[in-house]
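Here it is: the structure, laid out below.
A, B, C and D label the chains in the order they appear, each numbered from 1.
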């Protein structure tokens, strides 16, 4: 009964949505943004339009988005109460996995580095590189590496915050000189974007990895307000 | 000067979020006081600068819209920035004393708090639809993190419910943004508004706007999509509840209102406007009614939020197809309602936190006898309640008076009934708390006395909400300032 | 013509896997179908000439989310770490 | 009709399927999967519809990259919350009291 009701509602919604898409596709109005992007590419400091949009034209979005990632990581590690990350179930001693790690890990590092570097001229960039790096970390973790740097201590928090902090500093330095917030100084766009991307890659990898590790673990709990301990 | 202030306003919360992540709770508290002073200073200075001159667009990174992201720095946005500075500082000060610094997870309170503040400012100033989406997510995730912080099963359940509802809401909004970009080829709200005026009768964009507003209504907890709000606001720590009720739900409403005021005249329909109004009216009645029945103190306050949010949605019918003067009245009424509710509700939640702290119970019936021990917090609670009941001279009265006039002047008299009934019902639930606390009850004589500072903060907020009605005129004149081009 | 066939196939598969994510009875199967859906999304992005997103989708969308979800499913199978009633 | 538009329609379909799951499913993990479907559908509409009018357009592509990162942040946070909730209560649904094991939704 409930299934039928939800199905009918969703069908109605789908028809309205498809109709809306059809309507909009039929009568677009306004200018074309890609041409504006193409015109501004020369001043952007990079050659790949998507990277230019992400880290120059709309860098405020990206800054806040890294903020969202950091928030998720903070909320995640605030749930993991035990300082120890020793989870015996994760300690597999699979020789295949070990062999895989030995050959695979350096390769993954290489791929991540390449993706990061390539982002300036062709597809790739901090997010993809960070994700590959995090994937490497997950493999290492599954292989039973203790990865002590992921304990919720100062080192982890520095790692989480580093990329965001560097981005923020670059953003504010130019503003201190009287320019707009997030504007790159004349001629400095390329090195600054690269700098931001390197630190972002590390932080993104760290965030994703810490969220993977921040599994729930113990019984420490705070009583609700007004509940006696 | 202006550009430094803007940079400071954007930079401070984000920087403090990062720095307070690196230190413990106590150092973070000390740092946050400094940050609050800076942030309040920047907000006040900017507000006066704009009040003296006029609003302007601030192009981030030096890239003008539609290529880059522009911030719309006008009287309305800055008034909300100022309101956020006031309420968030109050909640932060309260939290610094209220929260137990020895719990290991409390250190994460400050970074989340500052990220929340940054997200709120991003939303008030935002003029780019996608940027607003990112701002909304910043707010949602940090708010969920704050609710869940150190929580037990009940808090986790509430925060998960909140998270899932909020995610659906923002996804619906984002889908609307996608459709809008397909229609107009720009993400800037001002650009869309121009195009919508130029090409009337774009049905697809109208539906997209309705979709966005539905998503935002879910995030604002408009009846009947309000189910997630009372558990989340009721179970969070009191300073967090205050932040959530006073500011967070307003953010999504603010976006809906901006969309409606910019695009509504060309893309909206009478049916959509009236529907929003009817749901708002039902929220007022239903929320107030449930607030009268809740056994738990904070649930009463949370349901009262559902009701007070309902008033805001009267904006939609009262600005559609009416004269410019009536529309102005409705907008001013809405703005005052947002401000007075934010102040009053923050005061109420903080005072409720103090009451809970001293009685050791969240139940209304356990308040018996508290009037002898904690008259100050109880008094703050009552003063805030007076604003919610909209008695003169409070901000709540000024807001509802403007809404009342707008509905009479536009010939939509039926909304006045809602305003009256809502006022009576809110009186009922506030008096219910009072009656419970004045019961003489000798069984329970051990009340813990919270520190003075905890009691002073809600009182300040309540007094501000009370005095808002007296300064409403000058405040409204700044918000209605003509908008300067460029800048 | 062949390109239309290919796109039609990708779209059909996308919708089919999306339905089966929700319809499969076991949670494990649902997650596997979700990963397959992510791979198809990556393919769709290639067809939409968005290689950046294709890379990100393959790495983040299918890869990392998939691992996170699989890990969670395994966790649910193991049951809560402490005995609390008869949950699975 | 261009290929881009075809994908936009597919996106509308995927979004609706996700919405259905979000409303109808009870299991928290399934809700999360459904949310991710909604996200993917939205991204398809965003790029498909924009490229239908503009040709290859880097702006929505960049927006989708941002959106994917935000979505995984939300997903990962939700997973941590769900796992901790399960750990404390043994429940995988939001209905208090009902115990639902991993099999059916």
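Criterion: a residue touches a chain if its C-beta (ideal position, glycine included) is under 8 Å from a C-beta of that chain, and two chains touch if they have at least 3 such contacts.
Which protein is which chain? UniProt says B = NADH dehydrogenase; C = MrpA C-terminal/MbhD domain-containing protein; D = Na+/H+ antiporter subunit C.
Please read these numbers as outputs of a predicted model, since none were measured by experiment.
Novice: Please give the pair of chains with the highest number of C-beta contact pairs.
Specialist: Looking across every pairing, the one with the most contacts is A-B.
Novice: In whole angstrom, how far does the Cα centroid of chain A sit from the Cα centroid of chain C?
Specialist: About 19 Å separates the centre of chain A from that of chain C.
Novice: I'd like the Å distance between the centres of chain B (NADH dehydrogenase) and chain C, where a centre is the mean of that chain's Cα atoms.
Specialist: Here chain B (NADH dehydrogenase) and chain C have centroids separated by 37 Å.
Novice: Let me have the rounded angstrom distance from the C-alpha centre of chain C over to the C-alpha centre of chain D (Na+/H+ antiporter subunit C), please.
Specialist: Distance between chain centres: 10 Å.
Novice: If you average the CA atoms of chain A and of chain B (NADH dehydrogenase), how many Å lie between those two points?
Specialist: Distance between chain centres, rounded to whole Å: 29 Å.
Novice: Two-or-more-chain contact residues of chain C, please, as numbers and ranges.
Specialist: Counting only residues that touch two or more other chains, chain C contributes 52, 56, 60, 64, 68, 75, 81-82.
Novice: Please output the residue numbers of chain D (Na+/H+ antiporter subunit C) that touch at least 2 other chains, ranges allowed.
Specialist: Residue numbers touching two or more other chains: 8-9, 13, 15, 18-20, 43, 45, 49, 52-54, 56, 59, 61, 63, 65-66, 68-70, 72-74, 76-77, 79, 81-84, 86-89.
Novice: Among the residues of chain A, which ones contact at least 2 other chains?
Specialist: 17, 21, 24-25, 28, 32-33, 37, 50, 58, 61, 65, 68, 71-72, 75, 79, 127, 208, 211-212, 215, 217, 219, 221
Novice: According to the definition already given, which pairs of chains are in contact?
Specialist: A-B, A-C, A-D, B-D, C-D
Novice: Within the complex, which stretch of chain C touches chain A?
Specialist: On the chain C side, the touching residues are 51-52, 54-56, 59-60, 63-64, 67-68, 71, 75, 78, 81-82.
Novice: In the complex formed with chain D (Na+/H+ antiporter subunit C), which residues of chain A make contact?
Specialist: The contact residues of chain A facing chain D (Na+/H+ antiporter subunit C) are 2-3, 6-7, 9-10, 13-14, 17-18, 21, 24-25, 28, 32-34, 37, 49-50, 52-54, 58, 61-62, 65, 68-69, 71-72, 75-76, 79-80, 127, 204, 207-208, 211-212, 214-217, 219, 221.
Novice: Quick check: in the complex, which residue numbers of chain C touch chain D (Na+/H+ antiporter subunit C)?
Specialist: Residue positions touching the partner: 3-4, 7-8, 11, 14-15, 18-19, 21-22, 25-27, 30-31, 34, 37, 41, 44-45, 47-50, 52-53, 56-57, 60-61, 64-65, 68-69, 72-73, 75-77, 79-82, 84-88.
Novice: Residue numbers of chain A touching chain B (NADH dehydrogenase) in their complex, please.
Specialist: On the chain A side, the touching residues are 16-17, 19-33, 36-37, 40, 56-61, 63-65, 67-68, 70-72, 74-75, 77-79, 81, 154, 157-158, 160-161, 164-165, 168, 171-172, 175-176, 178-184, 221-228.
Novice: Help me check something: in the complex, which residues belonging to chain A touch chain C?
Specialist: 50, 89, 115, 123-125, 127-128, 131-132, 134-135, 138, 208, 211-212, 215, 217, 219
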